[in-house]
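Look for chain A in each of the two complexes below; its partner is chain B in the first and chain C in the second.
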Partner chain A sequence: MTAVAAPTLFPAVPAWRQRLGALLRRPAFSISLFVLLGWVVVAVSWRLYVPYAPDATNAVAPFGTPSGAHLLGTDWLGRDVFSRLLAGSTSVIILAPAITVVALVVGSLTGLVTGYYGGIVDVGVMRVVDAVNTMPGIVLSVLALTVLGRSDLVLVLVIAGGFAPLVARTVRASVLAERERDYVDAARLRQEKGAYMIGVEILPNVMPTILVEGAIRLGYAVFAVATLSFLGLGPQQPSPDWGLTVSLGVQYVQNAPWILLAPSVAIASLVISVNLVADELRREFLH
Partner chain B sequence: MKQYLAQRVGLVPVTLFVVSLLTFVLAQLVPGDVGRTILGPYATNAQVHALDRRLGYDLPVLQRYWHWATGFVSGNWGVSPVLQVPIRPLVMDRLGNSLLLAATAFVIVVPISVTLGVVAGLREGSRTDRAISLVGLSLLGLPEFVGATVLIVIFGVMLAWFPVTAQAPPGSGLLTRLHYLVLPAIPLVFVLFGYISHIARSGTIETSNAPYLRTATLKGIPRRAVLTRHLLPNALLPTVTVIGFQVGYLIAGLTVIEELFNYPGLGQLLISSATNHDLPTLADITMLVAIIFLVANILADASYALLNPRIRARRAQ
Partner chain C sequence: MLAVSGLSVTYDTRGERRRVLEQVTFQVGQGDAVGIVGESGCGKSTLGLAIMRALPKNGHVDAGSVVVGGTELYSLPTNLLRAWRGRALGMVTQDPTSALTPSLTIGQQVAEVYRYVNGQSKREAMSSAGDVLAAVGLAPPRSYLGRYPHELSGGQRQRVAIGMAVAAKPSLLVLDEPTTGLDATVEAEVIDLVNSLRGEFVNGLIFITHNLGLVSRSCNRLEVVYAGRVVEEGPTGELLGGPAHPYTAALLACLPRPGARAQAVRLPYVPGSPPVPGEVLAGCKFAPRCPLRGEECTANEPLLVTFGTGRNVRCVHPGRAGTALAPPSSRQKGGRGDVLLELRGITKRFRSVLACDAVDLIVRSGETVGLVGESGSGKTTVARIVAGLTTADSGSLYWRGELLAPDIAKRPRAVVRALQLVLQHPDTTLNPRHRARSILARTRRRLAGPRRVEELAASVRLEPHHLDSLPGELSGGLKQRVAIARAFAGQPELVVCDEPVSSLDVSVQAAILNLLADLQSSDQTAFLFISHDLAVVRFLSHRVVVMYLGQVVEVGETDDIFAGPRHPYTDALISAMPSMEPGQARAVLGERAVTAVPEQGCVFQARCPHKLGTVCEQDPPPMRAGDNGHTVRCHLSLEQLAEAQRLYQPVSGRGCTVPSTSMSTRSL
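Now for the complex of A and B:
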């Protein structure tokens, strides 16, 4: 941290491209990104090529073993597991980024303002942040979803509410470091206003921190959504949601393990690829 | 350090007060009538009013908070309106079961992840290191139920080495009980392995670069002695702390595992009291968990101070 970055005279686009190119040459990054983008494409386009309607039941063929007609078999209602696997990607692919965006916006604003102004605002807000962090997220989520009712909106707000303080703490630390730099003093001498200082001077410089934090939070968001829907606090039946399907499929594990294996492997592939992408981004942009 | 710890301990009542307010407000936000929420749509109005009165929901808000908070502190947690049993013995019993499961997980995970973390750190950048780090990072993000279902299918169903429920039949010996706990503990081990090995690795790397380690090596001390006497005690310090900080995570992990394996722990009680709208039980569990979490964090801090010779020396002066 002792080396002071040389002032950039030219726009940073070439540097960004270089870094992205370096990242893409790393197999852990490129494979993970491929898997991640693959699921995003599936989540928006599964309707075009799904072999069966995800909710179409077939009373004659429940617990069908994987076959040519049903690639991954059928579930307890004779629904096609493969079709439900594709359709089940939608909920988590929408909810997890939504949580991340809300947490990033709220957390970054809080971190920027408290870090820049310091003083009593800082102390007060950080106390609240500590208190929120004291409540393990799971307990807070269960309590809120029970009391406010189970809906996607509450789910997003509750998880984002738990994440925002963590984002705020990271961004604040980064702002505290930036605040000491010369360009901030220069802008202060020009008598720039607080909003300008935060938005135009400091924000672009803490942007890498915010983006990397966002990638890391996205991994936790997938984890949280999957976990809460597994606990029955997310999407409800007959949603093909992965976490929900696993929790319902557990009782058939002895006879039809493919029902819960398919969504389990899907969650694993998604969460691992998000985490590996985040880790590579962190190593590339923060060190 | 003493002062810092005193400050931390001093803040506990303040934090708990804020948490209790948060819990209370959330538990009060129930749309509609609390008695109705608990009893459901089929109860008569008279039953609902009676329950409201018994739980004190006809009192003014401040008085209600006072009643609940003082009751919690004095150990008088009341009776669950849904289960019709006293809340405190129930919660404590479940807590004991959860602790047993958590202890099993820790006994497995700590030696493995510390060893592999140190090995990775000693060979920073090597293939071994990359493999250990990649596995750790992958396991870290894997929701417990995902790891658990895969394990159940392989070891519970296909190989049938382990039972697929977590609770041994009543009256079985300690060994049988442990045998039932191994499979549920492993998904927790997966996630914890990611954290603990990562910290052990970075602690080792940081310490390897310290000047006193180079001095020790140059003095001609055998490598084994350098490792065990000079490197490990320092490298493992942050690891001890991070193990303490995993309690918050562990509560979420336990909840999922207990649900999946139908194990009567605190997490399962948390979910069942949520689905049954058992608000008094839910509020008490929340408070208990917050206390456990706070105490664990302070213990982690204190252990760091106690184990760190530099801080010990400063205190002795």
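Now for the complex of A and C:
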């Protein structure tokens, strides 16, 4: 008797691709992803189609109402609000992912190492993490930026420093669950060392957790960058940065609300779309 | 009473429609107990859910009807369904833990049935709940009503679940694998309970299981299901005595028989696995795996035809099934050699639980030692200590007479290579992100294995294309083969196997057992084989070690242990073995209390049917030595034990009579 052809238990399409397909069929995900990617494209390419130079002042037409020439009107210096809106995306679109990446790398490494080894290191590190988590992130950031002086690098490190403990705790929980699985024991049975265990055995299995955590952190990062620049601790004048523009536009809100509204709506659209994408990713990959 | 006719069910998975049940027709008469058997993935559970009208959202009934007591289930309006179903149908599922709400007391949950179905007041419902708990053997009920599910053992939880299912005295009770995951001793009790409820609480029973031993004890009719179709049906005795369908015959042949020994014979088994739902196969769905298949089999799907009185079979060659499987082939007997591994006084405590209490154990080269006991007896802890994954609190391990480091990280590579472990759960034993090939290649490199990955795969009968699969794409049996190949990568001298087949279907189990025995005869590998399944242990082992609550209570050659005299606990385990033979397994033991090991005296005193009295409560029992190194830890002498077993043994077959519990052993 010849060997029976083994039935393919599962279709050849990898699971993650099926899941991505299912995600894209959900409007909340696909629309949010479209908005998010739209802002990324704008941040990279606004120079190609921006109607006016964002810094070009026009002394004769301050506070211009939205019109055909100025789609979203002009600000107190007569600068085109629409052009500044497009240009203002750059800082947040660069800073927020940078923060997220730093927080993910630091937090994941901490979570992987403490979760895998456990013991005294785990207890010590996790107490520090808990302590950091109890302090309001925004106060810490303001403090650090004031003491260290503001720069993009400090901004990224300060916010990422606040996020990393949160990432570490989530990743650690996931590592603790994986560590109990038989495949980890199987690797011990061939005397694998810690670095291999963490990097090759466990990391691939906690990757979904890390990626979803990243998406969630990205939403908070956008918000944190906007908040700090609103407080004047981000990019300085004459940058078209959204948070800065909102804070400066407050005083003109009675007569020229468009100055403040345009970047506010932009921030909201970005935060909401990032959060929705993160939510859907979490629902699909972690539950 | 229940008539299922032409029932076809489809699942919608990610836009694809997969047919899981095809034109299923059968009846359950008044007082009937019908067993539905088949391998996993054949649609048994779906059938159970369809009978309850409780299919998951993506399941649709395409055709057919389910009539219970004259009412067509699927034409009932949904607002009437719940109340009607509560009175007509009851269901017990596999996992009693998830069937009960952790945040409500047992009493509240059982009383709910009476309040919603029978409309009783809170007080009435609670007293009815007490009555039903007493009926399912949880006495006194008062002490159970106020408890939460986590305070009960698995067997007790399943009793509660059964109590809830029969509370409204439904006409039909559906049991879906109600004893999977329970120990054999507890399983026997639950089955006795279900049998005792027939008549008083329920009129008909549907018993869904993959365990043919169970249905033979509790069902009068069987429906054998394969690929969503009934392939054979008939009275239990006739059907098991002379199966007419090759599939039924194969399922039966896979079970290790009492006389068969792995050292001498190979179990017959069916290659392959059931078709995936939705897979299009011309003709008979079993043909690809059938040893009898011919061209006529793949032309048209065979119809269910009458075969004797009350029997139907869906086969082109009805009745030729008996000749289908080749007779078991024989195997060369290997010899047993020097002592490989020795455990001396191994003790391990997890907080308050004494998992191993001064365990002594010897494994010789080329030998299989079966380690048996209920869950919680410390079997797995012994395996992990031997493998170096857990370190003992005290005691020592010796490898070929030399002291062995307790932690695997400190053992010399040569010993690591020679002493390997096959872990318990096929679903987590392979890293889900690593392909079979890379798993084997890495192990081979680490353990300096002599054989190439392809040779390793071939030695466990894996096809080359399986090597490029991720574990998620492999079935349980295939995953376990990869795990076994991994353990054999460094040409080990001793492999510890921790329940390697307990989660697999019987057909797959037979293939894995053959594989282990083949590897033993070709490589002279010794096994420490841990299992709660005595039939498997008897088939595979030269010697058996029995553990209870962390203590070794008996050691001996397999034949000596099965012949007796033996420890009362071993006797209980053997009595509870499901068997194809007529008669019933006996549940001789009271269920083990959740409380821990007794402070002093014999560990088995609380459940022992032959307890002598205070001596068992106060003094540790002596080790009684018999022939061939047979030792029993008991206050009764071997002669007394033999006498006790003879008195307990029924006249014909095994366990036809339930012994009177009042039998006094003091007179022995």
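One rule holds for everything that comes next: the second predicted complex is superposed on the first by the 274 of 287 C-alpha atoms of A that agree within 3 Å, B and C clash if a C-alpha of one lies under 4 Å from a C-alpha of the other, contacts with A are read in each partner's own complex, and residues count from 1 in each chain.
Quick note on the criterion: a contact is a pair of C-beta atoms (placed from the backbone, for glycine too) under 8 Å apart; a residue touches a chain by one contact, two chains touch by 3 or more.
Here the structure is a predicted model, which means the values were calculated and not measured.
In the superposition on chain A, no contact is made by A:48 with either chain B or chain C. In the superposition on chain A, contact of A:60 is made with neither chain B nor chain C.
Of the two partner chains placed by superposition, only chain B is touched by A:243; chain C is not. By the touch criterion stated above, A:195 is placed in contact with neither chain B nor chain C. In the superposition on chain A, contact is made by A:138 with chain B only, not with chain C. For chain A, the partner with contacts to more residues, out of chain B and chain C, is B.
Residue contacts after overlaying the shared chain place A:227 against chain B, while chain C stays out of touching range.
On chain A, the surface touched by chain B in one complex and the surface touched by chain C in the other have no residue in common.
Remark: chain B residues 15, 18-19, 22-23, 26-27, 29-31, 134, 137-138, 140-146, 149-150, 152-153, 156-157, 164, 248-249, 251-252, 255-256, 259-260, 267, 270-271, 274-275, 277, 279, 282-283, 285-286, 289-290, 293-294 touch chain A in the complex. On the chain A side of its complex with chain C, the touching residues are 1, 3-10, 15, 18, 22, 181-183, 185-192, 201, 204-205. Those residues of chain C that touch chain A in the complex are listed here as 14, 271-273, 275-276, 279, 288-289, 291, 384, 387, 389, 408-409, 411, 413, 416, 420-421, 423-425, 428-434, 442-443, 446-447, 463, 465-466, 472-475, 483, 486-487. Across the complex, chain A meets chain B through its residues 28, 127-128, 130-131, 134-140, 142-149, 219-220, 222-223, 226-227, 230-233, 243, 246-247, 250, 253-254, 257, 260-261, 264-265, 267-268, 271-272, 274-276, 279.
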